[in-house]
Amino acid sequence: MMTGFYIVISANNLVKKIVGLNVFQTSVFMLYISMGKVNGGTAPILVEGVTTYSNPLPHVLILTAIVVGVATTSVGLALIIRIKRAYGTVEENEFENQDDAI
Amino acid sequence: MFILDIISSVLLIAGVFFGFSGALGLFKFPDFFTRMHAASVTDSIATILILLGLILQTSFDINTAKLLFILAFLMITSPTASHALAKSARHGGLLTLPETQVKQQERTY
Amino acid sequence: MTEVYTAVTIAILVVMAMALARAISAPTVYDRILGVNMFGTKTVLFIAVGGYLMGRPDFLDIAIVYALINFIGMVAVLRFFEYTAPID
Amino acid sequence: MLEQHLATLPILLPLIAAPITLLLGRSLFLWIFATAISALACYFSWQLLAAALTESVLSYAVGGWPAPWGIELRVDAANAFVLLAVSALSTLVLIYSKDSIEKEIDSSKHTLYYTAHLLCLAGLSGILLTGDAFNLFVFLEISSLATYTLVSLGSDRRCLTAAFRYLVMGTIGATFILIGVGMLYMNTGTLNMLDLANRIDIYESNRTINTGLAFIMVGVSIKLALFPLHMWLPAAYTHAPSAVTAFLASTATKVAFYVMIRFIFTIFGWNYVFEEMGMDLILMVLAIVAIFKCSYMATVQSNVKTVLAYSSVAQIGYMILGVSLVSVTGLMSGLIHIFNHALMKGALFMAVGAVFYRVGSVDINAFKGLGKQMPLTMAAFTIAGLSIIGVPLTVGFVSKWYLVTAALEQQHWVVAALVLAGSLLAVVYIGRVIEAAYFQKPPASRDSNQVKEAPWLMLAPMWALVLANIYFGIDTSLTTEAARSASEWLFQTSAIAAASSVEVSQ
Amino acid sequence: MGDLIDLVLLAMLAITALQMIFLKDLFAVVMLFGIYSFLSALIFINLDAVDVAFTEASVGAGISTVLMLGTLALTGRKEKKSSHSSILPLLVVCITGAALIYGTLDMPPFGHPNNPIHEHVAPRYIEESPKEIGLPNMVTSVLASYRGFDTLGETVVVFAALIGVLALLGVRRQEENDVPESGFKAHHVLHVVARFFIPLIILFALYVQFHGDFGPGGGFQAGVIAAAAFILYTLVFGLSRAFAVVGPKFLQALASIGVLLYASVGFFSMYKGGQFLDYSKLATDPIVGQHYGIIIIELGVGITVFAVMLSIFYAFGSQAERSNIQ
């Protein structure tokens, strides 16, 4: 999980930042899913003869969160394309040199 | 049922063997095209064997259909992908080992 | 039968690990793609066998999705090379 | 029938209107439609506030499922009060934006502007009203995505990098909130806020819950632009289109502030957060540093929008300071300041937008001599500026008054003195602009015929806000009453939750 | 056994993620991200979250990777050497990591059936939802009915993403289409295969859409898979031919309609005297009503997700083609 976070903060390249953001989020999803697991349980789809199911609620939450994540990713990538066209670079320190007024 | 079990076990294990040898080939072969050959051929055979082995375990319901669908899908897409990849690699200027050697010899002359 | 499934699952896992290793440390870009592709197909098989191992074979849908996504990813990668020079 | 569903309407109206605006596509009609929807939402939130003040709590179970299983909307005095401010500001900004975006946004993107604005409004209302911790995350993301879009619509290319930075920071913040909520959920098994509050108290000093609290606090602080995490805000506010800045500055951070209050008071309980975790001290120090550092930053900027953006960060410091005093008066001053700051910052940014509309620049040099050329706009700017400083008879004075009173109640003499000192810095940065506008000659290069008063559609909402500034500065009964009942209610529920948990644990 | 597989997968995951930090070739990073996504989906399956795995595989590994590749095609593949120091980020990460580890100290034991999470709210979903809603897939029941408001919000998030991408990139106008550009012209094999498979994929998407009540799947997954079919078409045959099949304006309308369809179910139940999104009021028998409601809102979700994903891809694709022409 921390790897993704590290990539987000430290990466100079914007695309890599977005990748890192995704990695970070995916690991949070894993945190959620792991707490929904019940030992000896099975996927929460009703089958005859099975009484122990894993908790469906985290699954629902993460389903939502994944879709939210991809929405953010697509907007971020679209921003990167525009930045590339406006500045000619996607390296963070390069465009800071161009516009020091930020 | 017992015989079916044995047959499918044999198929599964054979499939895994091929898959493993393919992965080994990925490391051992000298140039890209031979590596690719190793990977794609064994990939196909491993897929066929393993999925057949699983099909034998089903009781011919929707799962059989799904497995068959996966089989058909992989059988067609995997070689297609390999073909396209090889073509692209060729266009990209990658050479086979003999060709590379020839080129090196030319350069040394 | 469970033992066979277990053995096969583990073996596929090993193959996956090898493909992953290839994808991580590849000599050329194409090798990397090859590794990724192989990883994808092996994952499909892994899910199929794993579904039987866990006794819930009705999850083959996911395997289909994997196969599909793998193929589309492959085509997208190749299409990508039309825009950028693939050789380092 | 409408009364029954009152709680959903402020969220649902803009939510439904957004796709419809995308389908419509004609600009003038769109503007009327979007404004009407926003005005309706404002009307309903007024009704909600009235209902909340009489009945204290309204609960609405979405989908007909009772609370811990389904999602619940909870309306109380506090969130209805903030909601009213948000939707009123949104309406005024929409009226204002007709002319403003004409100048600053490419005409092919007007539809998208209105859609994104409505989505943002829907998201903010959702954050305010929801009673479910995860639902809050979803609405947070709706409003954030719409905000990134709005910021990136600016005409300067720097708006892109600003939006990108905002996106990265915002997503990290949201993910932190997600981690925190996950940790709470893990230990309690519920996501409903009230239910969470009841069940958290059972575990007195659980390390996972403490960490969850920390993650949520950091995440919210990013969204809130609390001092060390404010870096995205000045850039985003400076380069966004003026109408967008006016809307965001007066609503987005306020809503984040409300979220923080909600987590502190409703979920964790103030005695837990402040007494056991010592959060009040951290917040107080950060708030004071924020006030001084950012007020100072504001005095050295040359871009007036940046000046106001830094001033916003400083004002957030005042709000946090109010909360960190841990008293009804302190919390009340924070809540009043949400409302008041929305009024004054909205007016200020609108005035700056009007200047941009006529002059084409918001550099401080461009303001020279505008006192004569755009008298109404600059008068509005001046009054709102005085309000920021905290001159009596304006709303700024009211919130500062309560803040100082709260500080004195707690014997925090130093804090009270620092608040007053912070106001002096505000005098400097607002004074610079006013001085340029009234006491300096316009630059010779500017064609004085072109620069005339802003169009009335821009002036009207601006002056509405300015008059509200004065009105609520003189007649403080409405705001103080709402804020007082809201803050008393928040303290009470905290106490009730604590008491009920004692019963449960026995 | 399950734990062993989990551990191996987790180890592979960690290696992949670590490798991503050090690689400078962004193309490789994106490829590894695809693998990372696949691996995490595998872990999700192992933890019984089949629906989540479904979504992660199609969204994370599919759509995200394709979009990232599209971005890379425009921005270049190499990451330059960074000049600023990496000590501060490392410090922040260490603090956060330490906080997380500290937080895990009091975490309830993994997989224990008596954890609070399994005792408070969830049992009702597991025990009652088959009776109250009548669907075997509890995830779908919870998603669509108990927490239907979340799902509405999520659909709107997707819609907001569309607004964002359109505002940033726009879609190329039709009249610029004069430059002939049609994907892999030379790849006949790909053409044939794609033509053969695309109908099958759409069929599969429909199956996922309507089978989501009983097995893994539902509106999101179906929407993404259908979008994937068209993305494949676009990749193989080129953008202009794809525009002829499904135009971008039509897609935008479709995205709006999906959201409206979802919301209209909610309003209809209000009209029938229930709360917002109370499907029980849709028919005389509450269970039948729930069923109707879930089918319709899943359809709305599917339509929106399909339209948005494809529109976003179009927007990226037309950018790529424009830069290619120049």
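In order of appearance the chains are A, B, C, D and E, and numbering begins at 1 in each one.
The rule is simple: a contact is a pair of C-beta atoms (placed from the backbone, for glycine too) under 8 Å apart; a residue touches a chain by one contact, two chains touch by 3 or more.
Just so we're clear, the structure is a prediction, and the values are computed from it rather than from any experiment.
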By the touch criterion stated at the start, how many steps lie between chain A and chain D on the shortest route? 1
Output for shared partners of chain C and chain D reads A, E
Taking the mean of each chain's Cα atoms, which chain ends up nearest the overall Cα mean? A
Count the C-beta contact pairs for B-C and for D-E, then tell me which is higher. D-E
Using Cα averages as centroids, what's the distance between chain B and chain D in whole Å? 58
Cα-centroid distance, chain A relative to chain C, in whole angstrom: 21
CA centroids of chain B and chain E: separation to the nearest Å works out as 29
Send over the residues of chain C in touch with two or more other chains. 33, 54, 58-59, 61, 64, 68, 71, 75, 78
When you check chain A against every other chain, which residues touch at least two of them? 5, 14, 35, 42-43, 45, 47, 57-58, 61, 64, 68, 71-72, 75, 79-80, 82
Residues of chain E whose C-beta touches two or more other chains: 50, 70, 72, 74, 76, 100, 107-108, 115, 117-118, 121-122, 125, 147, 150, 153-154, 157, 160-161, 164, 168, 184, 190, 197, 204, 215-216
Every pair of chains that touch: which are they? A-C, A-D, A-E, B-C, B-E, C-E, D-E
Under the definition above, what is the set of chain D residues touching chain E in their complex? 1, 5, 8, 12, 15-16, 18-20, 22-23, 60-65, 68-71, 108-109, 112-113, 115-116, 119, 122-123, 126, 132, 134-135, 138-139, 141-142, 145-146, 148-149, 152-153, 179, 183, 185-191, 195, 199, 206-212, 214-215
Once bound in the complex, which stretches of chain D touch chain A? 134, 137-138, 141, 145, 148-149, 152, 157-158, 160-164, 167-168, 171-172, 175, 178-179, 182, 185-186, 191, 235, 303
Tell me, which parts of chain B touch chain C in their complex? 5, 8-9, 12-13, 15-16, 19-20, 22-24, 26-27, 32, 35-36, 39, 43, 46-47, 50-51, 54, 57-58, 62-63, 66-67, 69-70, 73-74, 77-78, 80-82, 84-85, 88-89, 92-94
The residues of chain A that touch chain D in their complex are 5, 8, 14, 17, 21, 24-25, 28, 31-32, 35, 57-58, 61, 64-65, 68, 71-72, 75-76, 79-80, 82-83, 86-87, 95, 99, 101-102
State the interface residues of chain C toward chain A in the complex, per the touch definition above. 54-56, 58-59
